[in-house]
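Here come two complexes built around subunit A, the first alongside subunit B, the second alongside subunit C.
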Partner chain A sequence: MNTRAVVNEFAKMRHLRVGLVAAFMIVPITGLSLFAVVTNPDFTPNAPDAWNALLAGMSLGIPMLSPLLLAILASRQTDIDHTSNGWLMQSASGLTPGGVCRAKLVALGVVVTTTTIITSLLVLIAGVFMGITVAPPIGHWAGFTACMLIINLSVLALHVLLSAKVENQLVALGIGALGSIVAVFSQGLPAAAAHLTPWGYYALAQAAGYEGAQIKALPISYPSIAALGVLVATIFLILTYRFDRQEA
Partner chain B sequence: MGTINVELIKLKRSLAWPVVVLLPVVLVLAGAATQLANGSQPQEGWKTVWIQSVGFYGLFPLALGIAILGSLVWRVEHRGTNWNALMSGPTSSRRIAVAKASVVAGLAAVMQIVLLVAVIIIGKVAFNLPGMLPSEYLGITGLLIVATVPVAAAQSALSMFLRSFAAPVAVALVAAGVSTAALMAVGNFALISPYGIATRTALLGTGMFVDAGTVTGADVVGILGSSAILATTIIAVTAVILERRDTRI
Partner chain C sequence: MSSTIVSTDNLTKRYGQRTVVENVNLRVPTGSVYGFLGPNGAGKSTTMKMLLSLIQPTSGEVHIMGRPMTRATRRGLLGSIGSLIEAPPGYPHLTGAENMRLVQRLLGLNSQQIDEAVRAVRLQDQLDKKVRNYSLGMKQRLGIAMALARQPQLLILDEPTNGLDPAGIEEMRDLLRHLASNGVTVMVSSHLLGEIDKTANVLGILSEGRMVFQGGRAELMTASNPDVLVACSHPVEAVSTLRSFGARQNAAGEVAVSGVDDARTAGIVAALVGEGIGVFGVRREEQTLEDVFRNLTAGGGL
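Right, the complex of A and B next:
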């Protein structure tokens, strides 16, 4: 990995308001996760399954907002190279377009990893402050966070590729908006249908949800999410190596 | 009118149609997908089809769609030396602000009509519902067309200020979220926000969140009044700010 290229991508972020978008990823998702609990009159902090309400909130909040915010992050980080012809300049200085894409993914990946973990921890801490007395299901919680992280990084990687290939940001943001819709509605679809799009995997990582009138913990499809991670990583590497062999 | 025609010509190759057509169609399909997959029928017929399509649409996808259209309409002006051409041309700032907001509002209106047609098609073709969509929902669609004008004006203004394509979309996402929360917290007082008006109108008759399930005259008057005041104010302020802007060197 080219460390200087990654550092360069962080330097580009300074004027791209990436911090603001990252804050958008944390605050509204945390708020949305807690909102369902705060407004639910049936929520009792002493109930043995009280944490499931928070997990269900996150299972809805992350799919609803992350696809579009990831599209915004990737398209802003890539558009700067389209508008200033950064691809050509970096090629001339020895950094191929594929290498630039990999550096972008690593740099943005650090931001997305941080925001995903912080969001998960904030909801966990909020649960403690809300007076939930039973011990949190740490294993299920960590598994859910790891799965959401893998899906977020996979969607981010695909958006970096898309934004690098298609200059018009309309396409990236339009797909991001559609991704949010697909991610939310995939929760009501059969598991086979959820496997068909990258956003459907958010539904496969749903940690808790309504079963009848009660919120219950749901099993996470770990193998499917691991497969998504491996598949997207392979596609990303193949396509970025192909980018390396193209004229800038 | 000439200014609006010019804007329409600029739109020709702008790829606005995927947003205008795909966004409402995907939402209607997604809303119906669960029942289609299960092979079940909507419990309350047309009302259920409407709620599952438009209920979620009004929360934030509607604002996002309009935000993308706003960015799209202003994108061309921020490229190359087009901003300087716009600033040094004979067209007044007021006419530019009105024309841009009108084009965004026009595209948003087409989006609502596509949504209505998609709901009717899914109800008739996929669920084979008897009769036609109740006229109440046709009225709500008409109201939604008016209620999206302030959002169109606000997003047009944001896209004028911000050269970034994505930033106004992010602002719309947050503003729609805040307005929905405000609607639930303070009810119709949230109609002071353009995004609150659009969300409130989309929720009319659904019985979701702030809506009681019945459309009252007070709701309609409140929405129309707020829409007229906000749209006029936003466009006037946009024109004043644009008037103070200059060429970029």
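Right, the complex of A and C next:
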């Protein structure tokens, strides 16, 4: 890993309002998660399954907003190299396009990892402040957060590749918006159908949801999400290796 | 140190059936300002990209500073080569200073190297502006500062005067002379001879992917073999007599004959005298360097 290239990607983030996009990944998702609880008349802080309402809120909020916001993050960070002749300048300095893409993923990955973990922790802390007295399901919560992180990073990696290859960033943003719709609607689809797109995996990581009139904890498809992570990492490495050899 | 800093052997690039660069043998002397000329689409940018290993030749080899330039060696060699290819680089949302810091970090340079490069292009007073607010000339200077920051032995500039006003072009010429005087070999391309012939001391001319000339200005003029012009008493009869030489009458009433050397010129004069036509004067047509360049790149050659 080229550390200098990663630090440069952080430097390129200045004036790109990455912080604002990151805040949009935290505040609205946290708000959506809490909204589902606050507006639920059946919510009882002392109930043994009180945490499930918050997990269900996050299970809906993250798929609803993350695909579009990840597309925006990747697109903004990649488009600057299209508009600045940056690919060629860096190639002529010995840093190939594949190396630039890998550096972008690492830098943006730090941002996405931070926002995903902060969101999860904020919702957890909010639950405590809302008076939930039972102990949180730490294992399930951590598993859900890790799975959402893997899916977010996978979607981010695919968007970095897309934005690097297709100069018109409207395409990337359109696909991101489509991803948000697919991610939400996948929760109503059979598990097999959710495996077909990267956004469908948000449904496979759903930690809680309605079963009848009650919100219950749901099993997370850990193997499927691990497979997604491995598959996307492999695709990303192969394609960025090919970028390294592509001609300017 | 090799006497040629850049050399290529039968450098060729094909895209499918289309040959963009064909058997180019470049020889760029160390310490020279090498003017790489040719009309748009002649293959100059492709050649320069092959020199930097940004694209791979279909066949042939590139040697820089005596070492082969390949994917394996490019990283090491690029540390000594500054370049400005196609549009000038620069992240528009960042300031000039922030852009220079990106280059500094990428190449592991110190602040002094950055300051010197910025001062060389006289951009030190504009560094706090965002690049999106730069004029084209300032962007070109920033691009050159980025290329100079590594204190290169070789600087490759692809049409650096594109879009510049006359003052900017003159400023660029001064900069190239200044760099050359400091021992930097500069290879600079242009489709306009006038833009670089005052600066370059070696010229290479590319036409339709082939090298049609390489050498100094004087060699170019000598090798161009301009038309022989004969002033005589009966031009119409003279043209008829010299039909086998492809003679024609020009606007000044002289008889013009192309592509003849000195021995054949003597034969032409003898033929005219033999026909009883009075020969008042014989001279070579005066050509400017522009004329020579135009003739060469219009499909001719030497």
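Simple rule for what comes next: the second predicted complex is superposed on the first by the 248 of 248 C-alpha atoms of A that agree within 3 Å, B and C clash if a C-alpha of one lies under 4 Å from a C-alpha of the other, contacts with A are read in each partner's own complex, and residues count from 1 in each chain.
Operating definition for what follows: contacts are C-beta pairs under 8 Å (C-beta built on N, C-alpha and C of every residue); 3 or more make two chains touch, one makes a residue touch a chain.
No experiment lies behind these values; they were computed from the predicted model shown.
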Who does A:L239 touch here: subunit B (first), subunit C (second), both, or neither?
neither
Examine A:I181 and indicate which partner it touches, taking first as subunit B and second as subunit C; both and neither are also allowed.
first
Contacts for A:N8 in the overlay, against subunit B (first) and subunit C (second): which applies, first, second, both or neither?
second
State whether subunit B or subunit C is in contact with more residues of subunit A in the superposed arrangement.
B
Could you look at A:V123 and tell me whether it touches subunit B, subunit C, both or neither (first, second, both, neither)?
neither
So in the superposed three-chain picture, is A:D79 touching just subunit B, just subunit C, both, or none of them (first/second/both/neither)?
first
In the overlaid three-chain picture, which partner chain does A:M25 touch, first (subunit B) or second (subunit C), both, or neither?
neither
I'd like to know which partner A:L105 touches here: subunit B for first, subunit C for second, both or neither.
neither
Look at A:A157 in the shared chain and tell me whether it touches subunit B only, subunit C only, both, or neither; answer first, second, both or neither.
neither
Which subunit A residues are contacted by subunit C in one complex and by subunit B in the other?
none
Contact set on subunit A toward subunit B in their complex:
17, 20-21, 24, 28, 31-32, 35, 39, 64-65, 68-69, 71-72, 75-76, 79, 168-171, 173-174, 177-178, 180-182, 184-185, 188-190, 193
In the complex formed with subunit A, which residues of subunit C make contact?
49, 52, 54-56, 71, 74-75, 78-79, 81, 83, 85-94, 98, 101-103, 105-108, 130-131, 143, 146, 150
Help me check something: in the complex, which residues belonging to subunit B touch subunit A?
14-15, 18-19, 22-23, 26-27, 30-31, 33-34, 37, 56, 60-61, 64-65, 68, 71-72, 75, 164-167, 169-170, 173-174, 177, 181, 184
Would you tell me which residues of subunit A are touching subunit C in their complex?
4-5, 7-8, 11-12, 14-16, 80, 83-86, 88-95, 245, 247-248
